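The two complexes that follow have chain A in common; it is paired with chain B in the first and with chain C in the second.
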Partner chain A sequence: MNAEFTELLRPFLKFAGPDEITEEARLRDLGLDSMREIELLFAIEDTFGVAVPDDKLVDSTFATAGGLWGVVEELRAPVGGGTR
Partner chain B sequence: MPESTPAPTATPAAAPAGRHAGAAAALAGTDRAGDRAGIRAALAGVDPADPRAVWRALGVAGITAGLYPDGAQPHPGRLAALLTELDARCPLGVTLSVCVQVATVAPLLAGTEGPAERARRGMLRGETVVALAVTDAAGSGSDLLDATTRVKFGAGTATLDGGKDWITNATSCDAALVLARHRESRHFTSFCWLLVPAAAPGVSTESAGRAFAGAGVGHLRFAGVALDGDAVVGRPGRALAAFARQAGVERLAGALWARAMCHRLLAGLLDWLRRRPAAEGTLWDRPAIRERYARCLVAVRQLDALCASSLASPHAVPAAATGMVLKVAAAETVDRVTTEAVRLRGADAFRDGGESQVRAEAAMFGIAGGATGAMLAGIADHADELVGDVS
Partner chain C sequence: MSTELLPALLDRTAAVRPDAPAVDDGTACHTYREVRDASLRLAGWLRAAGVRRGDRVLVALPTDAALPALLYAVARTGAVFVVVRTPAPPVALAHVLDDAEPALVLTDDTTLGDLSRVRRVPVRDATDVAGAANSADAIDEADAIDEADAGPLAVDPVCLIYTSGSTGMPKAVVSTHAQVTFAVRAIQSELRYRPDDVVHDVLPVSFDYGLYQIFLSTVAGARLRLGDPGEAGGRLLTSLVASGATVLPAVPSLAVNLLRLLGRPGAPRPGLRLLTNTGAAMPPEVLTGLRRLLPGLTVQLMFGLTECKRAAIMPPDGDLRHPGACGRALPGTEIFTVDTDGRRQPAGVVGELVVRGPHVMAGYWRRPELTAQRFHRAHGLFPQLHTGDHGHVDADGYVHFAGRRDDVYKEKGTRVSATEVEAAAYRVDGVDAAGVLPPADGRDGATLFVVAALTPGDVLRRLREQLEEMKVPARCVVLPDLPLTGNGKVDRRALARLAGERRG
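So, the complex of A and B:
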């Protein structure tokens, strides 16, 4: 996960504190509730210039930090190549 | 409520005095006095207690369509002008009927096709009334994730079951924009919008009673309502996100309306206090009463200040935290002003349409569209952002 993503994520996680946010971190456990998930969706789309497609608009997309980053990175990747 | 104390002709936050006033209005992209004159002309001769007549008059005169100069969202200054004029002449319920449609329903229908777009065009013309059906009969309005109103999709069809309670315009609408669950997961992505004709087989409506006269508040029930696939409005899975963003506009509209109501009530109260004999003078001569009145003025001017930045913007979508702060401030200011107005006027407050009745109905500012407790929880989530840096 890149630093920009984790710094964007941190204000939405009221229980995260200053600790590192790992890919395995479960966002609900760190305090992400449903309304904040919506705000996080808007923040991600605005910051990274992506639009999360319908097939990714499911609860599992927001389960872990790494899973959400994976979706963002996939959407940012140019056609025919990735950034990983 | 229908007492017609003249509304202030200009509010300090909205219309800066002095030689820069015209320039400021031009920069804001609106001529507030002109907007209000146009609204007054549109409503001249219209029964202010007839919500359909008011809605139709606003549509015919182009007032409703003119709220959206840039597309989907209402212009804050024009929205303020409309709500101020409606508050000055209509029962609270009629203003509520218009407010929810212009601030929430029409924007949610923008950018769509098919029946939704036709409904929106009908709304702008004042021909079509569309209710917003969100609060579920089976759960709390503050926790939409528990909603049980469900839609099942078939091949080009949709079937709706469930119910919605305390819905503005329920008993008078042509259609309802219904928030329905299309997936079982308790998640914001599990909901979609459906545009449901009020006359569709399986739709029934029950009045919620006499409160909010003119708002058509009622309960909607959906029993196996068969809809075409194009009844879905927007992208499935985005409904709650779209609603959350639009809630900010609705909260701004509520604050603008609350502000107009408080200015109107305080103007009427001041006039009454100055005329009410007491000893050898009037009630307004008494320091204790002047202080209580002044505290209301402070509260209203604080609400004015909170609204000022939104009014200076051509865009009506406030940040989430700003919307929640506006909502709480509006509710608390209305409560303070209406409570003090009742106390100061005493028995006179209980006349038909008096402050006592206004206070009872205006309690909705702390409930509808987000209860104050839920708003405060959300505000706390934004503590770092709101504490900010004043240096």
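So, the complex of A and C:
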């Protein structure tokens, strides 16, 4: 996970405080509710220039920080080769 | 005045449309006959478990296709259902247990289960309920009622709904069968759900409008789709398409999410014909966007509070003709404003909104003083609900909401009391003082200001042990001291200035 991603996550996670956000961190436990999930989705799409397809709009995508980052990476790979 | 019992709504539809689908959760689907039969079996099972007329039954089970039959079953026995959302902090669950004093708790939640057993309250889980609902035993309607303990009257209580409001802990609004069935029929007369509708309910059933979707669907003979909370998020649009939803009961944040998802490239279009709004004011631009993307959509805005369920409903697309209004009084009820001395005011004059009618609920459970204040009795006799909401009613009867004069605000359409949040913050070890700044108009999320030897993250994490997660403010700011007004209260205007400076 890069720093840009974890700093993007932080405002959506009211229980994270200033602590490090780990790959295993469960976003639900850190305060991401289903309503804010959509705001996070749009923030990710804008920041990383990706379009998350409908079949990725499932609970597992938003389960952990690392899992969500994995989805972002996967979507970035075909165009940017993993970096931007 | 309604004299109907709540389960009679189900029995009538089950008699007319026995094989029509009543409820599904994406996995299981039950017809009206099946829901009625399950509710009769469950009523017998509840009685065998010792539940009697007037007892409270706490229900904290997953929102699935089995839930409507269970609630109707509790109602058949003459007991009172209390739907509770879990997980929740032990202190919140303990409060409900001690306040409602249930005779039975139905849950899979281990925290609630443990707290119940400590209080010697029997606990059954979802497997027990499913076993009783699906048992092969012949249905004996007399099982539900025995002669020594007759079934309920329409004037008996049928549900408690916990709600926030200017008190340290939530209090329960008590509704009778007659009040609920009147409200359901009055709402249905305005919204007109149809037998071919699919009502897709993603609002929590612990929230009154989420709960009432069960009863509204029943009177219409419609199919109710009970969604899990995840369907309010990323899966909202795909699940609406998959269910064939035609009606979406919404709060503003849900409508905003729907609009955003619809705006994505290649997004599918659900077959929604009706969107209703409650909980908070709907931004007009959200409706403009939804109407553009869903040309067949009709919108009905509403206004209400748990204390009377629903006060006002706009006619279909009435928001286009009467911008700024949130509805007209339900048929057979009225809304007017009073001045600070409680005198009725003419149309157009701003004051506290007062509601009269058979939908004004019984009062607050075990809170006689608070009940006397809110559920005021004119001439000492005739109940009228003083809502605490301010606004005016125009000459055509349309209600215009202006705001509240107390400390209650909305988070995602749900009522939250600043007093309750502050009381919870004071229970956190290390917090010396606390003040809540409600969300500014159009912004989601309150800000908590504290004097504490803790980091903001620690304060919010510890607050989660004291308060339902939805009520925990979005942000926390630690200050050396809190700005106070001349009479020693937290100065919210000064807090608002501080918040503005921090946002830059």
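Brief remarks on what is shown
Criterion: the second predicted complex is superposed on the first by the 78 of 84 C-alpha atoms of A that agree within 3 Å, B and C clash if a C-alpha of one lies under 4 Å from a C-alpha of the other, contacts with A are read in each partner's own complex, and residues count from 1 in each chain.
FYI, a residue touches a chain if its C-beta (ideal position, glycine included) is under 8 Å from a C-beta of that chain, and two chains touch if they have at least 3 such contacts.
Given the structure is predicted, the values throughout are model-derived calculations rather than measurements.
More chain A residues lie in contact with C than with the other chain of the pair chain B and chain C.
In the superposition on chain A, A:57 makes contact with both chain B and chain C. Looking at the shared chain after the overlay, A:35 reaches both chain B and chain C. In the superposed model, A:76 makes contact with neither chain B nor chain C.
In the superposed pair of complexes, A:19 makes contact with chain C only, with no contact to chain B. Under the contact criterion defined above, the residues of chain A that touch both chain B in one complex and chain C in the other are 14, 34-38, 41-42, 54, 57-59, 61-62. By the touch criterion given at the top, residues 145, 183, 185-190, 235-238, 240-241, 244-245, 320, 378, 381, 384-385 of chain B touch chain A in their complex. On the side of chain A, the complex with chain C involves touching residues 14-19, 31, 33-38, 41-42, 51, 54, 57-59, 61-62. Chain A contributes residues 11, 14, 34-39, 41-42, 54, 57-59, 61-62 to its touches with chain B in the complex. If you check the complex, the residues on chain C that touch chain A are 229-238, 253-254, 257, 260-261, 264-265, 267-268, 412, 455-458, 460-461, 464, 469-470, 472-475.
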